[in-house]
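After the structure tokens below, expect a handful of questions from me.
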Amino acid sequence: MTATPLTSTQGAGRAGDKIFSGAALAAGCLILAVLFGVALFLVVQAIPALTAPAAEIQGGEGFFAYIWPIVIGTLIAAVIALVIATPIAIGVALFISHFAPRGLAAGLGYMVDLLAAIPSVVYGAWGAAFLAKEISPAYNWLAANMGWLPIFQGPASATGKTILTAGIVLSVMVLPIITSLSREIFLQTPKLHEEAALALGATRWEMIKMSVLPFARPGIISAVMLGLGRALGETMAVALVLSSGALTASLIQSGNQTIAAEIALNFPEASGLKVSTLIAAGLVLFVITLAVNMIARWIITRHKEFSGAN
Amino acid sequence: MTSTLTPVRSKRSALTKGQLPKYAPYVVLAAALIAGAAILALVGFNAFGWGIVSAILFAVGLVSWSAAVEGSRKAKDKLATCLVVGSFLIALLPLISVIWTVLVNGIPGLLNPGFLTTSMNGVTGVYDNRAVEEGAPVIGGIYHALLGTIQITLLATVISVPVGLLTAIYLVEYGNDGRLARAITFFVDVMTGIPSIVAGLFAAAFFFAVVGPGTKTGAVAAVALSVLMIPVVVRSSEEMLKIVPNELREAAYALGVRKWRTILKVVIPTAISGIASGVTLAIARVIGETAPILVTAGFATSINSNVFSGWMASLPTFIYTQILNPTSPANPDPSSQRAWGAALVLIILVMVLNLAARLIARTFAPKTGR
Amino acid sequence: TGTAPAGDQASSGPKVTGTLTGIGASSTGAAMDAWKAGFAAANQGATVQYSPDGSGAGRKAIIDGSAQFAGSDAYLKDEEFESSKAVCGPDGAINIPVYISPIAVAFNIPGVTELKLDAATVAKIFRGEISNWNDPAIAAMNEGVSLPDLKVTPVNRSDDSGTTTNFTDYLASAAPEVWTDKSSGVWPASLQGENAKGTSGVVKTVTDTPGAVTYADDSAVGGKLGTASIKVGEEFVKISAEAAAKAVEAGEPVEGRAETDVAIKLDRKTTASGAYPVVLVSYHVVCSAYDSQETVDLVKAFESYVVSEEGQQAAADSAKSAPLSSALAEKATTAIESIKVKS
Amino acid sequence: MSKRIDVKDLNVYYGDFLAVEDVTINIEAKSVTAFIGPSGCGKSTFLRTLNRMHEVLPGARVEGEVLLDGDNLYGPGVDPVTVRSQIGMVFQRPNPFPTMSIRDNVLAGVKLNNKKISKGEADVLVERSLKGANLWNEVKDRLEKPGSGLSGGQQQRLCIARAIAVEPQVILMDEPCSALDPISTLAIEDLINELKDQYTVVIVTHNMQQAARVSDRTAFFNIAGTGKPGKLIEVGDTQTIFSNPVQKATEDYVSGRFG
Amino acid sequence: MSKRIDVKDLNVYYGDFLAVEDVTINIEAKSVTAFIGPSGCGKSTFLRTLNRMHEVLPGARVEGEVLLDGDNLYGPGVDPVTVRSQIGMVFQRPNPFPTMSIRDNVLAGVKLNNKKISKGEADVLVERSLKGANLWNEVKDRLEKPGSGLSGGQQQRLCIARAIAVEPQVILMDEPCSALDPISTLAIEDLINELKDQYTVVIVTHNMQQAARVSDRTAFFNIAGTGKPGKLIEVGDTQTIFSNPVQKATEDYVSGRFG
């Protein structure tokens, strides 16, 4: 069989496909390359700190002793942020997509998006100057009444600049990220499936549980992962809000520190091995993000067969 | 059975049997407000606490009444409604508080003549001391920083959106869930966790190595911001592309439309509203970044309109230094006024961007009107 | 706009042009603004840019050649001095004192504007060993002051800082029995307390919190907070520019540096009358030799202006810093004169 | 278990567009009523007003009354959820829940009201419903697989099984057999015949034969032209409508070549 | 303008699941071929292999040959896009583009491929296609409105109009009339009759009468049981298949009560 019409025609169009898919592939690879670059940068710069004698590392007891309290601090702050932000963000997204009067919804969505527009320095300044002061009576109350819980052990910080305050500020910062993405996905839930639930006599909430949330589940997880990334990596707001210190279980005392803030606070004055130590801290954060994401991906793929899309 | 077709009937409809009366929420609300005031009066009244306590009482009251009369399903629905509305109201609190703080502190700065049209070139503590001690006008503005922010962010967007969107397209349309696609998905997630300062240091180190030591320009900052922006663009676009129904793709393929045209003209327009949201989110995420810009763009106090050469200011770094290192340490108030004014401008800038994105999205979005 | 300094000293030298890049301490940012403006007004065509990234960043920058001078609130460490030889020629980089800043112990006690404290008491306050302002140790030194029953909340810097280095250096030298930690830019992790970022941050926190006390560059304390007089020898010295200058004069040159280097090892235990030893000296770190004549001229012109009486006055007006004493300024000028083109 | 529906002067709107005008019809309990008429005349629209599914669309609203055993569905204070749990519906386009298994799809409605249904009861119910929809044999080995991997006709039968599992008092079916092969269609028709012993059934169909076979009464809807509202032209015993209609339009339609 | 299709030993898979087994069939040019068979037997699946739409689904693949005028669609180097632009398709579920107006939906095949067309030509094409699908009268006043605001049957006819607007050589239709009323069905059948003068038409239908009315040849598919692959049981002249089939299964199916 010689050159058939099926194979010969439309060479130009085919080139378009090739170019486009090539560009898409290249973009993906570029991201991998950048990430590889970042990782390489971190590793190369971190090596001196990882191999240095313990006494020379900040604190004098080696890198591990230096890093683990702030790893815990980072996780505490991120967990607080997500525990507060995730339910509220999903609530807000649902409110906008399924509860608010239609005419109002777009405007309300816009308002929440505004939260994303506020620079982190401003959050930091707001958290340090306003929130911390306003919230510190509540901490005193917690210390007095719930002090038997280790996390609310007193005496409460006099300034209110605690890891809990930092977590709250972070939660406000990640809220618009989770909200905005979830909202868009909720809005895309096929009408067909919503109607299927409603026709069975489902209440609005049951309809959401039956059709909206399952459909949006992978999207919500992605949104939360984005929020988590921000909570883990946020630098300036935490640096300004948190009155940092040694690791403590109490959330209402001053103390604890996050990796990103530790880097931001110390990098400007750092030199020599200290620089390596801080970059090694960045590397550790990188590894934490990696681990957390592996877990999340695993959860997503486990339910793949029932993924709502298409 | 004879149906009574008279519209006004005395007997209660079977359909409304076992249902709370229409006025129920208002009754519960009134009761909650009163009870809340009473409780607060015991521990010391404050308006905020009153709101919170009343809201909780309202939810509990309404839900339990509903549970008693209507059964658990309706009660759960009411509870969910209370929680959803409640979470929205809670989300409004910080929003209003932050915006209020910024407005109150920022408007005086913004109203300063020359605030938007001049730079900080030549402004020293002497003037601020005079402003505070002798009541002279506060001078110095943000023109240089505004210009810098716009240029740096624009460049970062120009880099990130094509890369991010193309990657999302690769993942959804070409990746076939293969090994490469999964690797990219995974590492994009990891990328979201890069602390902003590390992104800045990386970009700086990269340009130091490639161009030469001390290379600090707006473009370097844009690269640093892109590292932060790309994962947000990829993630949000990917989610939006994924939920475009396959039957639309199939419809286009069946018309003999090439895949890339299908993607450009069918898939992306269908998802455009979400993509636009994601891109604005990504821009909002980086436009307020401080740390990476400090280490990549240098610190300019005068106007520089070339992103590719020379140091460049930006609004966040401007805000940051004005707050943390006031022009006059003895009299930080003028600096703080400028900082909040700049914050206000930054927020307005993002609002305008957001509006623009929505307009774009609306033009292409699926037509639901009829 | 810009200040137009009268009687222009810098412009009497060779006409200079070009851009001078500096990176370094943020604490001298306000003074740098004044110097940039003053220098630019006197030298058309010459500009100075300065990025307040931090002292460490500044020292790194001069060592790797990405800046022509660094602002630092500590002189180069020995190993930094060694590595600076790669870029700055065989004599390495030199430290020029440009800015003296007395560090105030500032407190917020309603109704109290002045206190007298000795080093040990200050150390105890910041270690949390004195937890109430009516503590007998404080009362003993402050007869006639009505000290309230108020919790002491010490506030330290959360960021690595030159102010902390100098403050802890003072405490460790003057009250070694109480302050058992080494001097360090990072506040000892074992001490629990409140902290905030930056000088303005700690000042703000203290202003907002009754009973709080901190240490901060005097210029930022202004009149808002009470400040302590520090016991030196047998007298209590009130914080002032002159007292700070005296304490600096009591210091000694650092060994092992270039001949013209002006790095000063402060004597915290000085008993010199009227000296206030809680003080910080900021330096400009410059190369002893540069590649081009143009740069040399530019650096010389700028640094001469900075240490000149007029430059110091501009900084004092703008940042309320303490001017260099004339003796120190002279040494600095000699050092600046020695800068040359690489051979 | 079954209820009658009386519709009075119902106007149905999409925003400003009047889609169905002034319908008055009585639907007897324990009977099968078929709606026929050309495409776009408002059959689906009208059907959806009978269980208040219409108002789910933005801007959609109705004027008039729909009485379920004398109680106005659109009366003040009536909760659409109550209405819908009594009046089930099968849609024109199959819409199984893609995130649920086949089994869970069938049980979706049942679980709403009866959380604690035992596994045994559930199994019985699933089997009965799927058998009723003539799907049991095809899916009995993959009940735990997602419902979206089925063929078009299988999906539609799954939706029918889901709707009958909750045993509503009225069942509305919008062209339930349009995607089905003759064998399945037969099964569904048998099912409808069974259902009418206990329930009230309303069915939209394009298939005249089907209407003639399964329904007791038939309602013919028509539309005068583009942009005009659909109207109920005639309603009566199926036999009368097909053999001896009052209106000329009805006669033209039912005697036309059939699809 | 029309081409014949010859299928040889085709196996169709969804991942590991063999959905259709070993089909060999010849489809004549300028003729109408109908596929009939019970739900889930693989009619849609097989139809989608004829224009390489099957492979769009992840994991889906085929083995065997499909020859379009002797050229293997699955031969090496064959561009599926070329195949699809010659072999058009109407889906079982209507899928108009939600972002486009009715007019743009009809022109989608032209516009999405970036072909230049003057406004006048476009108008003519839109009108001709919509008339062909018997939709023109209903939508001529709202061509600029979105396609998603149409009734189910209207959407389906819009998709038919969209498919014929590109004038492919072969048209595959998957139950095109299942959502249509008799009048529209009639119009579509007329259209098919017209089309076959120029094009090759393949149609899946559950409606035996329709198959009998419009098709020249009929292929009967069947499935032995759940999880078993669908098979082509018999193919032949429509008349033969309906009056005198070779296979018992075919006879059972076509003589069954009809839907």
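Annotations for the structure displayed:
By letter and in written order, the chains are A, B, C, D and E; residue numbering begins at 1 in each of them.
As a working rule, a contact is a pair of C-beta atoms (placed from the backbone, for glycine too) under 8 Å apart; a residue touches a chain by one contact, two chains touch by 3 or more.
Chain labels with UniProt names: A = Phosphate transport system permease protein; B = Phosphate transport system permease protein PstA; D, E = Phosphate transport system ATP-binding protein.
From a predicted model like this one, the values you see are computed outputs, not experimental measurements.
Within the contact network of the assembly, the step distance from subunit C to subunit E comes to 2. Chain pair with the larger contact count among A-D and B-C is B-C, by C-beta pairs in contact.
Farthest from subunit E, judged by the mean position of CA atoms in each chain, is C.
The centroid of the Cα atoms in subunit C and the matching centroid in subunit D are 84 Å apart. Chain centres here are Cα means. That of subunit A falls 39 Å from that of subunit C. One inter-chain figure worth recording: subunit D and subunit E are separated by 28 Å, centre to centre, where each centre is the mean of the chain's CA atoms. Measuring from the averaged C-alpha position of subunit A to that of subunit E gives a distance of 48 Å. Residue positions 73-74, 77, 245-246, 258-259, 261, 323, 368, 370 of subunit B are each in touch with at least two other chains.
Contact with two or more other chains is made by residues 81-82, 85-86, 93, 113, 149 of subunit E.
Among all residues of subunit A, those that touch two or more other chains are 13-14, 17, 129, 190, 203-204, 206, 215, 267, 308. By the touch criterion given at the top, residues 13-14, 16-17, 19-21, 23-28, 30-32, 34-35, 37-38, 41-42, 45, 87-92, 94-96, 99-100, 106, 108, 110-123, 125-126, 129-131, 172, 175-177, 179-181, 183-185, 188, 190, 203-206, 208, 215, 218-219, 222-223, 225-226, 228-230, 232-236, 259-260, 263-264, 267, 279, 282, 285-286, 288-290, 292-294, 296-297, 308-310 of subunit A touch subunit B in their complex.
Listed in rising order, the residues of subunit C touching subunit B in the complex are 1-3, 21, 26-27, 29-30, 33-34, 36-37, 40-41, 47, 49-53, 57, 61, 64-67, 197-201, 217, 219-220, 222, 314, 317-320.
Subunit D meets subunit A in the complex at residues 51, 53, 56-58, 80-82, 84-86, 88-89, 91, 93, 95-101, 108-109, 112-113, 145-146, 159, 162-163, 166, 168.
Within the complex formed with subunit C, the residues of subunit B that make contact are 121-126, 129, 139, 208, 213-216, 294-295, 298-302, 311, 321, 323-332. Contact residues on subunit D toward subunit B in their complex (touch as defined above): 4, 6, 8, 14-15, 17, 26, 29, 58, 65, 67-73, 75-79, 81-83, 112-113.
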